[in-house]
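Okay, got some structures for you below.
Next come two complexes, and both contain chain A; in the first it sits with chain B, in the second with chain C.
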Partner chain A sequence: MFVAEFAWEIIWDHSGELGRGLLITLEVTAAGFGLAAALGLPIALMRTARTPLLTVPAVMWLALARGIPLLIVIFLLYYSLAEQGVVTFSAFQAGFLSLGLTGSAYMAEIYRSALQAVPQGQSEAGSAIGLTGAQGFAHVLLPQALRTAVPPSVNIFVALLKGATLLSVIAMADMFHVAQVVSAEQYRPFELYTAAAVIIIAVTLVASAVGSIVERRLSRGYR
Partner chain B sequence: MSAVTEQTDEAAVAGRDGGPLLELRGVQKRFGDFTALHPTDLEVVRGEVVCIIGPSGSGKSTLLRCVNFIAPPNEGTIAFDGQVYAPPVVHRWVPFLGRAEARRLTALRAEIGMVFQLFNVFPHLTALENVALGLRKTRGLSRADARARAMAELEKVGIPEKASVYPEKLSGGQKQRVAIARALALDPKLMLFDEATSALDPELVSGILQIMRDLAAGGMTMLVVTHEMRFALEVADRIVFMDEGRIVEQGTPQSFRSPSHERTRQFLRSIAQEE
Partner chain C sequence: MSGLLASLDFGPVWDQRERLLSGIGTMLYVAVISMLLSVVGGLLLATMRRSRLRPINALGFLLIQACRGIALYVLILWLFYGLAAGTGIRLDPIPTGIFALTLLNSGYMAEIFRAGFDAIPEGQREAATALGLGPVTSMARIQAPQAIQITLPATGNIFVDIIKDTSILALVGVSELLRESQTWAQYYSRSFEFYVAAAAIYVGVVLLVSFGWRYLERYAGRHLHIEPLRGQRRWLFGMVRT
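And now, the complex of A and B:
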């Protein structure tokens, strides 16, 4: 019979390193998510534009950003660009760019569906009081769309958080990389990877909670 | 009819071009292969209240929505307050082609108030903010001035106590009052009502109709799409009957007591049966 002997104290012994790793994971995820959220909106607007001059590049971007696996994006940005002498990114830079560019496609689709979910009468009412297209967008459409966009955006944040563990392959000192290194040194993979998983789950739950708060704040006036 | 003539004279005295405030010439609207509005002419003089009646799908709302280019017509011209507007040019390969014209249309819409069947109040803004938004963005009022003016408008429509309430917590009648205040706040030269009472509970209808009646009595120029025949007969200077995307006949409420077209008689009979 298999009798497991655990040495959970190893987690406590290395909690400082894991904590620093977690901080880097959170930083790179937050930066990546911020980039995705910022790029997603203009991409969504291009995607829904009337002229193919804007829709075609947007559709191509969506196909690329969604089609290329994150791991390959990371390798392309970190190794291939440096090797070709184009630009040399630090691990963090390559990491947040990979997450942000990949995430931008998903965020664009979230914005697009959220904007389309706003009833047509809303933009008509905005026009009817003499708002320009840009004013109507900023003061009527976007505030209503953001509210619907929050819950699916939390999903993207969580996906990027999990995707950030892949950054250990370019030796970024994120939480998962720390777990790998320590587990190799101490030969305690079970404890360390379990701890890594539990920490990620905990952050996921916090992210969901923050999302709910943001959603509630944006939902003033709604049921 | 005499009231109409007087107001035309007033307009001439006011020194504009002396012509009608609103003049539609050959305005046509298609949705794909379907022609919702056949080429239509219509004039509205200052101070006139014109009620448009007709069965569902007769093009009444389409006509109204063409006036302020919420649904831009495909053909024809619309003259308003001495300026002529044509359908905007849209070209899929030249994105910003119609920019100058679009700015003119934005300015046109700021002079025309519109009230919708489904209210279309902004759910993310309080009643006061709903009214203040246009004042701030379209009229450039300061935050404080816009709020003061918005409050005055809410008082006029009888719901000052709802100023800080979000639409979710308002009844249909209250939402429509917010929508009317939102339109009136901009001092429009023309008010468009698109079946403003059709989505209301029966007991809330009369309050909205009273506001519209007062507005008409105050000299507001109004183009009103309505199913409220009694309101039309009482308030309108002129009634326009539409069917299948065309104006079938128009005249004074008096003339509508004995309409000349069989289709109009048929429609009025069917409405009378409902009431």
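And now, the complex of A and C:
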């Protein structure tokens, strides 16, 4: 059985909804990425600390955040916490928290390797000119590490963007949820899922391209 | 908060242990097959990328970008519902999942293999030629064994991510671990317990596989003199690798 008649105009008819959905997808991704980037640095510092009081919780957090599939995090935050009467999150809140918490482990690893990539002499030079440890970290180490951390962070952003398609299961009005709803209403799954796939591939490729441009900019004048 | 802890009851989870175990079985079965197929797909795509013929090279590039750019959930629903409605090709949930996981991860594996072959010093190939080995023997006996050792750590990361990604198949009704947990969570109205249990099992499996893989790396790389390609974890759900 081959259904030869495709109705591609259906995508055009619903382009406004899909566009608004894509905006929500981007918003939740940006919020989740912001949370991941904010949590990642303290986790990375705890991980590299000298006392097990800090490293042990950090290692446990990394194992949990990297071992639990995103979908289970979403279910736990959205359904289970509400069911237990702990806290009831909206779909957007549950979405950005699950993206941010899961992403924090990956961001921590990026910060960690970026900090390690700064030559030893830099922090020595910092203390030689009389900076305290914290000053040296804030003014010498961190600015250089952040520069190294930008390109891989773009990959995290792209990954979270793809992960955000999973938020359609808790009925957040993101792009993929819109595609599913319209496809069910009009019974046009082929057209709408194809459109969703093309949109996601396009957005991720654009984000990756922006990332490599930024990478080239940042490495200008540096080796 | 104490009320919350007191109200938790993991009894139902223990009662359904056999169902959860069978869910783990399905998860591993899907993950292992997808991993093996992704290695084949990755080698194929990497070979295309190394081809000197422009069209084949360009096609390989496009395929790799598309594989890496798509989100797994979108791909699965496209295959499962979209393709069925559009062309009448109807796939069962498990083959759909294996196909989607393979497609996505072939793209990542291709990039890993490409970097792996590039990491072999040029002298190795030249030495093979100098010894009178043909291109096939050179590939099979000199280049491939080294490439496998170099790429093993990065491949392990992919395997771990495939295991985690099988959870998405629950959404099209494959009765793997998450689907079983979901079913029984609804049956007992105990979603917290079942999802926490599922999360713990995932973490356990991921840690076990990571440690096992580390041994495999050490064993396979015992003659290796090149720094293996650690790569980075393939971030989350069907993501881009650095």
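Just so it is clear, the second predicted complex is superposed on the first by the 207 of 223 C-alpha atoms of A that agree within 3 Å, B and C clash if a C-alpha of one lies under 4 Å from a C-alpha of the other, contacts with A are read in each partner's own complex, and residues count from 1 in each chain.
What we mean here is this: a residue touches a chain if its C-beta (ideal position, glycine included) is under 8 Å from a C-beta of that chain, and two chains touch if they have at least 3 such contacts.
Quantities reported herein were computed from a predicted structural model and do not represent experimental measurements.
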item: First (chain B), second (chain C), both or neither touched by A:140; value: first
item: Partner chain in contact with A:220 - chain B first, chain C second, else both or neither; value: first
item: First, second, both or neither for A:19, with chain B first and chain C second; value: neither
item: Chain A: partner with more touched residues, chain B or chain C; value: C
item: A:190 touches, of chain B and chain C: first, second, both or neither?; value: second
item: First, second, both or neither for A:53, with chain B first and chain C second; value: first
item: Which of chain B and chain C A:127 touches, first, second, both or neither; value: first
item: Complex contacts: residues of chain B adjacent to chain A; value: 68, 70, 90, 92-95, 102-103, 106-107, 109-114, 116, 118, 120-126, 133-134, 137-138, 166-169, 179, 182-183, 186
item: Chain A partner contacts - residues on chain C that touch it in the complex; value: 4, 7, 65-66, 68-75, 77-78, 81-88, 164-165, 167-168, 170-171, 178, 182, 189, 191-192, 195-196, 198-199, 202-204, 206-207, 232-233, 235-242
item: Touch list for chain A against partner chain C, complex; value: 1-3, 6, 63-64, 66-73, 75-76, 79-81, 83-86, 102-103, 106, 109, 151-152, 155-156, 158-163, 165-166, 168-169, 176, 180, 183, 187-194, 196-197, 200-202, 204-205, 208
item: Chain B-facing residues of chain A, complex; value: 49-54, 119, 121-122, 124-133, 135, 139-140, 143-144, 147, 218, 220-223
